[in-house]
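Chain IDs A, B, C and D follow the sequence of writing; residue 1 opens each chain.
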Amino acid sequence: MLSAKPLPAYLLQRYNGWKATTYTENRAWYKRLATEGQRPRAMIISCCDSRVHVTSIFGADQGEFFIHRNIANLVPPYEPDGAQHGTSAAVEYAVVALKVSHLVVLGHSNCGGVQGCMQMCSGEAPHLEETSSFVGRWMDLLRPGYERVKDEPDAETRMRLLEKEAVLVSLENLMTFPFVREAVEAEGLTLHGLWHEIGEGGLEWFDPKTGLFAPVGQGAAG
Amino acid sequence: MLSAKPLPAYLLQRYNGWKATTYTENRAWYKRLATEGQRPRAMIISCCDSRVHVTSIFGADQGEFFIHRNIANLVPPYEPDGAQHGTSAAVEYAVVALKVSHLVVLGHSNCGGVQGCMQMCSGEAPHLEETSSFVGRWMDLLRPGYERVKDEPDAETRMRLLEKEAVLVSLENLMTFPFVREAVEAEGLTLHGLWHEIGEGGLEWFDPKTGLFAPVGQGAAG
Amino acid sequence: MLSAKPLPAYLLQRYNGWKATTYTENRAWYKRLATEGQRPRAMIISCCDSRVHVTSIFGADQGEFFIHRNIANLVPPYEPDGAQHGTSAAVEYAVVALKVSHLVVLGHSNCGGVQGCMQMCSGEAPHLEETSSFVGRWMDLLRPGYERVKDEPDAETRMRLLEKEAVLVSLENLMTFPFVREAVEAEGLTLHGLWHEIGEGGLEWFDPKTGLFAPVGQGAAG
Amino acid sequence: MLSAKPLPAYLLQRYNGWKATTYTENRAWYKRLATEGQRPRAMIISCCDSRVHVTSIFGADQGEFFIHRNIANLVPPYEPDGAQHGTSAAVEYAVVALKVSHLVVLGHSNCGGVQGCMQMCSGEAPHLEETSSFVGRWMDLLRPGYERVKDEPDAETRMRLLEKEAVLVSLENLMTFPFVREAVEAEGLTLHGLWHEIGEGGLEWFDPKTGLFAPVGQGAAG
């Protein structure tokens, strides 16, 4: 028999509150979403971290964003080897089936996954090197980023750079997917790299012209 | 040079609105979350589908839920083969590092991934059978579920059953992870299977005693 | 020998019900709360009144709110005189030890303590003026509020204003505590004044810009 | 100008959920409570600790319990000296004005206030000895309890005993209030001492016949 328990009371209470307010006030739209299917404008790839509240930051409403969340917002390179690639499947579905217009990779400060990668790559976390460590193997994706930042002497700056590399490595890997590259070249899709500072509520975007992250503007895009 | 564009204006606008209101009103808490780290009570595994608005349904606030979202809310079986398993990494991080108390698998109606699986398994979607189809290979995870529902004659009922199988297969697979099993047996973790009906705003939970999904209660858990 | 009796049957029954349901469904979380300690996001100061159901109104779950309840939700001014100040001790513990992010003073309609204060201050309740009246001496804290509202001619309006003064006097007094002021100035703490209408289930917040209480919004804060 | 901010969004959301469900479903009762006043059957004195969820443990509904919460659920001795005694005021109001039938002192495990008292009394927390420490001066109330348990050699047992002393000292002090003693002797009021174990969800009651705390029964009172 499966191990499964009733919904904890606090979640049930929250759900009942949502049903009686947000759902009730938007019933017509939700019914239409169910009937007509979703038509999201953007895909967002962010971290599972509970402090990265994507839907809050972007005021997301039901039906707006196709959201994939994994550890450290990483996208692996294109590897059509028949194995299971959850992130690649999500990207494929968003770009090929849903034809989203924007694909945003959202990194963040204080990322536990990135911190683990830093420790692993610098030899301080042997348990993450083990074959059986899912987190370690997943963070292997960020090793190319580590190589680019490892010589930064200041520890805090180095961590911040690696968090941003998690965005850059993902953007690089995205372009190895033929369907992503084609959509970008056909101007049907734009890619965006962001980094969110949790404590200050900051948001920086990657500007390929300068090769740096810079605060997003207050009044205009970028 | 990387392909990356400035943040689309509508997202910048939303972010600026969030910064001036929600962030400002909760600055003290966000600073504390950044300094002290996250301590989420629950992990939620849900679909990337833009209509499954996890944070809205459960009134989630910053720091409350560790959320992994992939196509069709699937968890693969335990396979410590050194390859990249993003979902397994997320589960490992949540259970081992964060020690979440609840792990909720949230399925939903009108799921495009599940629909693709149904078509693929019944021979109607040869393109999903190809090695190069990431969505197809990902949905292979649900084949054991398809086997259990394929004899249901009514098409709509069959689809609904398969959507719920996506929850059940994931719950089964979760228990193949040694660290999940141990946490469940030590009463440090409870698993929960839910299915969300988008149009009606409904929520059903899997009750292992009956082997069926039933609407969650209005006043009490289950 | 101490005077103490067994738990009344109705409370025992309630507890047994809780243990078999809510506790059992949330055992993992409660164990973790016991081991790791509390980390409440907010402190709430409310009245002891049985009709002010703080945890219900805010859907509070175990571990979320540090709650101090006294007669008329009053906070005395800062008086480090070595005497016993239970409310000041609670505020100190919440702000200094627990570092809560929000401190909410929740007043309410139909408050018996405030009514007593009104009668006492207007000379209609001599028994409350006696040295031995604990309620009278406690309500002395609200005398500055009475002075500000006493000229309001309509009795019902006057009472309502005094209930709200119980919130304002407390907010004023809170800022006389050095550790509260410092936390507020360092943006580590925000203060909030609320007034709850019991019969209508209403909730108003104090807006310092207007100097008035106004209904909280339906969709956004304030 | 007073320092006060709008209600944080998460609390507003919770409130709106409550208004649309619990309030709406119970409107008639809440209106009556507002009109007729409260008539609580019991007063509960518990700790402010966010993990001591009094209303959950006893399935409390609006109007049932008059609840006073302070650090370590302490009641000071009767001291009609004209100074402000918030706890004594709450007890006076409950017994004299509301005429509650039961007065329950609810202690708990893992109490930060009791831990502070232990450290202070054993000389390990000089900052709590300072005149300006509100927590320290408040915990002075428990010094008689410390004297009775200080010779217990096992640290964990000693802490547990002191947590229970916080209940016993309060029960003793309650009987020094003339109006409490009179109500008890007239059989209009019963006193109850409880201790709640957070991790296990346990509940023990003080039995004056044995002088010990014992688990409350499963089927009958005590």
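Just so we're on the same page, a residue touches a chain if its C-beta (ideal position, glycine included) is under 8 Å from a C-beta of that chain, and two chains touch if they have at least 3 such contacts.
Labels paired with UniProt names: A, B, C, D = Carbonic anhydrase.
As the structure is a prediction and not an experimental result, all values here were calculated from the model.
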Other chains in touch with both subunit A and subunit D: B, C
Same vs different contact residues, subunit A with subunit B, by half of numbers used: same
Magnitude of the superposing rotation for subunit B and subunit D (Cα, nearest 5°): 120
Inter-centroid spacing, subunit C versus subunit A (mean Cα positions, whole Å): 41
Approximate Å spacing (C-alpha centroids) for the pair subunit A, subunit B: 15
Contacts with 2+ other chains: residues of subunit B: 21-22, 25-27, 29, 31, 59, 61, 102, 190, 220-221
Residues of subunit C that touch subunit B when the two form their complex: 21-22, 25-29, 31-32, 36, 39, 41, 59, 99, 101-102, 187-190, 220-221
Subunit D partner contacts - residues on subunit C that touch it in the complex: 1-9, 11-12, 14-19, 22-24, 27, 30-31, 33-35, 37-38, 40, 42-43, 48-51, 53, 55-71, 74, 76, 80-94, 97, 102, 104, 109-110, 112-113, 131-135, 137-141, 168, 171-172, 175, 184, 190-194, 197-201, 203, 205-208, 216-218, 220-222
Subunit A contact footprint on subunit D (complex, rising order): 13-14, 16-18, 20-21, 24
Subunit D to subunit B touching residues, read off their complex: 5-6, 8-10, 13-14, 17
Subunit C residues touching subunit A - in the complex, by the definition given at the top: 21-22, 25-26, 29, 59, 61
